[in-house]
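Both complexes shown next keep subunit A, but they swap its partner, so subunit B is in the first and subunit C is in the second.
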Partner chain A sequence: MNNALEIDGLGWRAGRFFELRDLRLRVPRGSIYGFLGPNGSGKTTTIRMLMGMMKPDHGRIRVLDMDVPRDMPRILARVGYVPERPHVYPALTVGEQMRYHASFFGKWDAGWARETMRRLELEPDRRISRMSKGETGKLLILLALSQRPDLLVLDEPTDGLDPVVRRDVLTAVLDYVGETNATVFISSHLVHELERICDWVGVLDRGRLVVELPMTQFKNGIKRIKVSGAPETPVDPPFTILSRQQTNGAGTETWIVRGWQDSMKQYFDGVGLDLRDVVDLDLEEGFVELLRSSRPGTPGGS
Partner chain B sequence: MFDDVDPRSPTPLYEQIAARVRVAVASGDLAPGDSLPSVRALARQLRINPATVVQAYRDLAGDGFVDLRHGQGTFVQEVAQYVRDEEREAQATEIVRRAMQEAARRGLGADELARAFEREAGVKIRE
Partner chain C sequence: MYRSMLFLHWKQIRVVLIPLVIAAFGLPLLSVQGMGNLGGAITLEPVAVLHAAQGWLTLYPILAAAVGIILALSAWNWDHQLNHVYALSLPVSRSRYAMGKMGGGAVLALLPVGAFWVGALVASAAVHLPAGLHTYPNGLTLRFLLAVMVSYATVFALAAGTIRTTVIVLSAVFLYFVVGGAVESYLGVFFPFFQHTDVVGNTLTFLGSFGPFTVFAGSWMLIDV
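So, the complex of A and B:
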């Protein structure tokens, strides 16, 4: 099995506006894949579909080499899921919720769960209705990990949590991955967090995956460059120009480009342009520029 | 030693980690036989994917800087002097490149940079 998750031609429409369009996605086995996208782009919908909770109009989903929804019970036994909205019962205590959860999973590791619960500073007698957001966040990850999954599907697992709890949650995930080589599919707005831990990134925008690359390739490929003497229409650039802006009156422009490689500096000599500077963008900047350029009303751009 | 790795840099984290080990070996801060932090400990400390640490250590092992002893840890190897010298040269070159890039950004010429370097370092580098 090469991929822990494969999605092909996924399509779904709700009303006139929201659509998942021809979504194709690959999560390599053993990777930590960051699923990025603006609010409303379809991330949670995609996740619900791969968890068999929603039915697409068309397309194919394979999780750990099994078919959704046909093999759903076997899939659920091997996938640890942290949903966007907590799926725990407020009336139960931590201990009761864990026993309840454990009853579904044959591979549940009670000893590990107890020890990790202690490390995460959760009390078995704590009633869930009394717990803070942070405690609930920790409980959700504890439940997902205690079933010893081969794939973790995390929908905004640290959203709204304080920095200390966020670290606890991510540490628990990273420790688990280190021990087991499990695959992680994580969607989050906390781009800087994803930047630390993900080796793949997929960017969803308005129902379609616009980028899917190894993290380093994505980051190295998006640059902010300063160019002098650029014509209206640059001749056949080897990279994609996402946007162009005048930097000053002296004819220097700032371009955001995608698909950049260092060797492309030669292109500028070839067409008589002056390449003044090449600036690295971090993941968040790259992501924002990528999405900004695809919105109408962007100056220049392709 | 690894505290200042920058996840926001386009340089892959595994490269940043491996580079720091190479620098330390070249300078003698890490001696043959010294052990590197365990994969798990370093991944925890930096809050990064353990696979990233594994890749850094594998790269270092491939270059002969460390020995991966399964179950025991990762140990610095004896590295030939010329390898250490080459590493030091590569480090110096990288620093100079970065300085030149920054100078260009500010509209300063190589000559101005050289003059400033001579003043600060007390080393003559021009004719």
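So, the complex of A and C:
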């Protein structure tokens, strides 16, 4: 199978206020998949389910062609996990934690671990409880990578880290992927960070997958366009209008559209509209517009 | 893997375990204080010796229970603090992980038990007993070991669950023994039938007479006839 991770019809409910609804995800093998979403959208819940830590109400999860939770120990032997909050024992030293971790993973690469520990400037005798947030973040990545996983599941791994540590962490991940062709599933609400490294993106909002597509398509497909003489209801546009806003009183509007291709300029001639401008949006703007449009009660929203 | 789990448990509990080992070694010695070789100047009366030994009776099971409880709670303490996220991300089944934890604690329990045995042997060798009395260091150590394991296993099982499960189980026990006893007494005022029942008392008698908890209620004498 070509997907490292497959989720179908995943559902989970927490009281009246949160629900994951029929989530369907496909993470291609060898890809770096950015799992985007605002805080509280369900990213961590989804990750905990695919790690077998929580039981979904319904749905099916397959990781590396194995079923969750049936094949959990075999899955976990091939998955490197960095959780949202540090999960290592604070009273251990770096070296002790590494030895403890290594004893569970048959593919642990001690030489690589030592080398990466040196590169990340971690001291083996340092107690974890006395380490800074950045050092702890580096240790978590070191542990996850040294077990030589086929799939890395990173839940906001750089959240709260300074730019230097963030770069160290992401560089370590990219070096590992370059070396092994492993799959990376990385969740974040830091859109710019994912823009640089991901080749696939899935956007989750309020427990619902809003979009899932290759990053290039996501980045290039969301545009801000200026249209003159816009009617109240445009006739069969070949793109999705995420939002519309009056620019001035002369009937000029700014549209945020998704699924844009240059050939679509012809559409405006065909329906007698005047296309004034097409502006690329960066990923963050596109992300914000996408979320805005997908929420009920917003212009263009569902 | 098991060695690592044992190391983790040791690292966590060593500060508490060392005083427990000292206490386990010292308790049998303390219990025979004043019964050493008196050079024949004073002859101890057997009844007085037994009476003195009985004074320490309650401390043995209390120490055994404390060792078991502390070992069991420490086995899960760090995992509880991390919401079990790390433990659940390790490639072992939950049952195997729990068995590893349990085994680690059981091995560590041998330290205070071993110290107790040595202390009991030294105490036995040091006493000068009147005729008709004997020391039982091996039997007492075996009882100590069983009591440690019973309390360890019980609390380990309780602590292994979620805090919610633990609270439910402890609440049920509390309700049964404390509230149940009070309700039974209260009902006895109005209904003669309840004046002749003693469900809570009978349960305690049952637990003290049958099953693993009897180990706490039996004879804890280092010196006996």
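Rule of thumb we're sticking to: the second predicted complex is superposed on the first by the 296 of 302 C-alpha atoms of A that agree within 3 Å, B and C clash if a C-alpha of one lies under 4 Å from a C-alpha of the other, contacts with A are read in each partner's own complex, and residues count from 1 in each chain.
Note that a residue touches a chain if its C-beta (ideal position, glycine included) is under 8 Å from a C-beta of that chain, and two chains touch if they have at least 3 such contacts.
Predicted model, so just to flag it, every value in this text is computed and none were measured.
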Superposed partners subunit B and subunit C on subunit A - clash or fit: fit
Which superposed partner A:S103 touches (first subunit B, second subunit C, both, neither): second
First (subunit B), second (subunit C), both or neither touched by A:H192: first
Touching partner for A:T216 - first (subunit B), second (subunit C), both, neither: first
Which superposed partner A:L174 touches (first subunit B, second subunit C, both, neither): first
Which superposed partner A:G30 touches (first subunit B, second subunit C, both, neither): first
First, second, both or neither for A:D277, with subunit B first and subunit C second: first
Partner chain in contact with A:P69 - subunit B first, subunit C second, else both or neither: neither
After fitting on chain A: smallest Cα gap, subunit B-subunit C, Å: 26
Contact residues common to both interfaces of subunit A (with subunit B and with subunit C): none
In the complex with subunit A, residue positions of subunit C that touch it: 1, 3-4, 7-8, 11-12, 78, 82-86, 88-93
Residue ranges of subunit B in contact with subunit A within the complex: 7-10, 12-13, 39-40, 43-44, 46-52, 104-105
Residue numbers on subunit A that touch subunit C, as the complex places them: 51-53, 72-77, 81, 83, 85, 87-89, 91-92, 96, 99-100, 103-105
Contact set on subunit A toward subunit B in their complex: 30, 32, 167, 170-171, 174-175, 177-178, 192, 195-199, 215-216, 219-220, 276-277, 280-283
